[in-house]
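Take a look at the structures listed below.
Each of the two complexes below includes subunit A, the first together with subunit B, the second together with subunit C.
Let's look at the complex of A and B:
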């Protein structure tokens, strides 16, 4: 469980595109993107809790995609040293899948009535905020239908959310049980997801 | 700014900490306190006739539940009681049956248990209480079902005790349920009100059960104040098990019989005084049967075993019409000439030579070896028997060596019962007509009952008649049998209470449960009884069917009976030494 007070307010970026179910945010710093499965909070507006479901790096200018530099013998560092302008041409974005929102200090595990505002800041969720989420597993339903890499993101999020041993295994079993109910109609997917949890 | 969840420590949706430990499941069974935590599942579907389907809670393993035990279902102000009759394994993911978790996939197994795979119970509702805290607290036969999602839990000892009656003048203990130390009691008055049956394969403990029933009945009868509530038993003891002593089947040791325990409340009569002497049994009298007491109906009853042809049986009727009580002797005196012609008597009665031969041969063979048959029975034998019964003393009739002769057993039982029934009918009719006392309630105990109550002969035996009459003349039956399917179904339907040990024949099981509501579940319970020391009791004398471990018949039981005998009637108790009755 993420607990360090130093990163309580680590802000990753701002929302640049959003729907009620998902949003895309651009990172302040390309190198400091949230990992897959991380829990995020969107500030500035109705506070929303979300999970990182995708991260991408691409050229800032959509009309001018970046080509390759250097030869097969040049490693990455060599290329960056030789082309210091490259990082400035890139931007890193991440996709957040909405898992709930706060209303009067109660965490609701369903979709908010409005998408997160564009330009709202996105930061890492605190341990206390995560605790509210795992009180029940309702948010899993929101994740399962939405993102392309939902399963990996879910597994990653649950592994992150799990408390340290000896609570870890019972927590993952409970999460697995919640998933079993949701994915009863899709046994292969359920099986694959459960294996990721266990791993 | 951080956003904390103010209901952050709310419990999980399923109300537990999620851990499935061995302690938790065991505690479900030892607590028996009726709290919510003892819930084992929820009602999810079903019907009154087919039974209710209960979805087991995730933390309850199907292997922790036993068929035949009782559950309580709480439904608001109503409470239902039922018996678990089946346990099923179910799954929401069909594929798991084909590709179950592997041996090293403990995580998957744990995840699936209770979610994708779970147990279901089938429960037969039997009683309901309509107003748990109010006036309607007595259990009644069930007429409705609990709503969906009603909580189900194991019945507590207190509930079972309340249902099966507290210790009072009206109930006697018969045993304990399978998994509790509560007492299960039969209602004495309801037990003696109707004819009853004790059934089970051979070796399952019918004799022990019957001894217990008789001991309790006689004892309870003694404690009744009103004459109309008392009862005496007349036992036709085929294998010398009930009188002075009997044997314990598995250990081949002796156990005391009714007379040994109840002393002068029981009289023993014997058909075979030699055998009684050898067994150190001290009979109060001897039974002899006169040829003049045998009737053609007895011949019909024994037709098959005696090898009588139909014509020969008709001949008996004809002879009886002419010679009345002397018919038997006259039958033996019928002659066939050397030319194979009938004598005048035969001709007059239209009896052909072949029939004469058949008849004479059968009757002679029948009479041979039966030392208890005399030409004319002395009056006092029957009179003594009747007087003993009328005075409130139970009687055991020992058959000695004749117990293995089915003819002898059936004949004696039929004849004596006929006479006794006649007397009881007379007294009852007199009481109804001109006033006077009704005769004391009489329970006639017969073994191998299917021989007397087979559909072919039930019409010709006094027993069939008694069963059908119900309690008209204050006579009922207690039948002991291992082939209930051979008993006439109409007679079987008259049995109020049925106590059965293990039966494994489908037809026998069907016969015992005929006319019982909710029998589909009971069938499985019956087929799964242990071969010893377990019996299913159902019918008039219990509020709902129950599987019991009968009380053991040993020093403590014996001591209890002697004690209560001494305390209720100190003058009558047998002064003989009773400390060594159960020595091996």
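Let's look at the complex of A and C:
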């Protein structure tokens, strides 16, 4: 069951592009994008849980690329102060990889039958919603196949999902065992991912 | 390909060679024009006498208060806290091949704050006039004289709406910081009488709701209480006011020059051709160093009645040239800005900053343009929406046979 919006965390943005596996959302505020690995919930429609797999900032108008401003000695704040129009003409988007959806208050860790609706709101998942996800590690299979930066996104998500000590290490060990099964045929990738878990 | 490139290739060398051989003569004429400009630099009364007495079709320039050959650097000290507002417009003209005769005006604006609290915001306003009645402006004295708002009339209407939008936005954003408000193109409704518009139409553009007078009144009132600066910016000007005035000063018949009685008539050579240069921009490029401005000039067009309106309304328009390094721009401004030396300097200085930031063109104007522009995709979307809405309302779309053929282009 998803939490009531009244107790929900902040809303990050709206879906502007979607498939059953992934969606792209534009942030309400450029400076307030979700971090890599954050767990998200798509409201408005079938509630979907997802993980942030990519974040980008670019010119709002695809035909107008952002050029270089300032000299080598000018730090970022100086450049932004001298060019206040630049932040207004940029947008930040993030990619969410679908990790499951709720149906009749049960969390299904497989793809929904339809993509999240365009313009649906996206918010941070609550602690209770995150706890529901880690009851099983089936969602890892969805991320491994499709996420733009799958390994980093998975590692970041698992580090976020891990409960505080003393349960943290046992959780990460269980997650590592699930990954071992999924990446049995790619030992180098598995080892690299397990090292990321140690963060 | 229907343009015969073989013929083009044979004709081009002559054109280029003529331009090359003319170059030396152009240099000589420019030197002579500069000499005359410097000679008349401080004789403002003498220049005014020649200009006011002239009987000519040329547009002329009177130096307002500064020497004729002034080349003025921007102020060394400028405020760090200030804001810039720019407005630009574009339009979709009436198309008789659409289901409804209508025009669209899109006004874009950009507001940028510099200094302690840097910020920016932008937006656009759409105006669609759909009904036949509003598409026509009629002469009250002769109702059969009516002008459809399209083409040049629409272009004038758009210019006036830009001024009105600038006034409205300036009122919204004005505070204790200097506010530079800019619009693109010419500030004044020049040459209106040459466009053969009914007087009622011209009156509506000047004195009607959201007309030029209302906008200028509003800006002037705002400038009483706030440090507001206002002007229009013409990129890469092709004006010839100053160049034409130098021709009068070179005329052997001065101080009363009557072009119809030119001494060179019939010979094919005018005495003033010795100082004939193609544009004020050529003269100013030789006169002004980068970022310098010229004197403020008052435009004069002998016989034109439209200019007196601005004077009578208390909004006489002047202009100066600005060398941005990339080009010579013409900046038009009401004299109630030019009369205030401090505001004039501030206008100059902040324009220079904007042009530097915008690589030779005021950055805020560039961004306002981006908000105003109607792309081909937008146009197509508008046509699609219009036709769908009309169809849903039972209005058929009857397209002309010619327009249909242009779409199909079947052999």
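Methods note: the second predicted complex is superposed on the first by the 192 of 199 C-alpha atoms of A that agree within 3 Å, B and C clash if a C-alpha of one lies under 4 Å from a C-alpha of the other, contacts with A are read in each partner's own complex, and residues count from 1 in each chain.
Operating definition for what follows: a residue touches a chain if its C-beta (ideal position, glycine included) is under 8 Å from a C-beta of that chain, and two chains touch if they have at least 3 such contacts.
All values derive from a computational prediction rather than experimental measurement.
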- Task: Could you classify subunit B and subunit C on subunit A, in the superposed arrangement, as clash or fit?
- Result: fit
- Pick one for A:64: touches subunit B only (first), subunit C only (second), both, or neither. second
- Query: Counting only touches as set out at the top, which of subunit B and subunit C does A:80 meet: first, second, both, neither?
  - Reply: second
- Message: Looking at A:107 after the superposition, I want to know if it touches subunit B, subunit C, both of them or none. Which is it: first, second, both, neither?
- Response: first
- Task: Identify which of subunit B and subunit C touches the larger number of residues of subunit A.
- Result: B
- Task: Please work out whether A:89 is in contact with subunit B alone, subunit C alone, both, or neither, and reply first, second, both or neither.
- Result: second
- Item | From subunit A, separation angle of subunit B and subunit C (C-alpha centres, steps of 10 degrees) | 160
- Item | Contacts of A:176 with subunit B and subunit C, given as first, second, both or neither | first
- Message: So if I take every C-alpha atom in subunit B and every one in subunit C after superposing, what is the smallest distance between them in Å?
- Response: 33
- Item | subunit A residues contacted in one complex by subunit B, in the other by subunit C | none
- Item | Touching residues on subunit B, where the partner in the complex is subunit A | 1-10, 12-13, 17-19, 58, 92-93, 95-96, 105, 107-108, 110-112, 114-116
- Task: Over in the complex, which subunit C residues touch subunit A? Could you list them?
- Result: 110, 112-114, 118-122, 357, 363-364, 367, 370
- Touching residues on subunit A, where the partner in the complex is subunit B: 8, 41, 43, 47, 49, 102, 105-107, 126, 128-129, 131-133, 135-136, 169-170, 172-174, 176-177, 179-181, 184, 187, 190-191, 194-195, 197-198
- What does subunit A use to touch subunit C in their complex? 61, 64, 80-85, 87-89
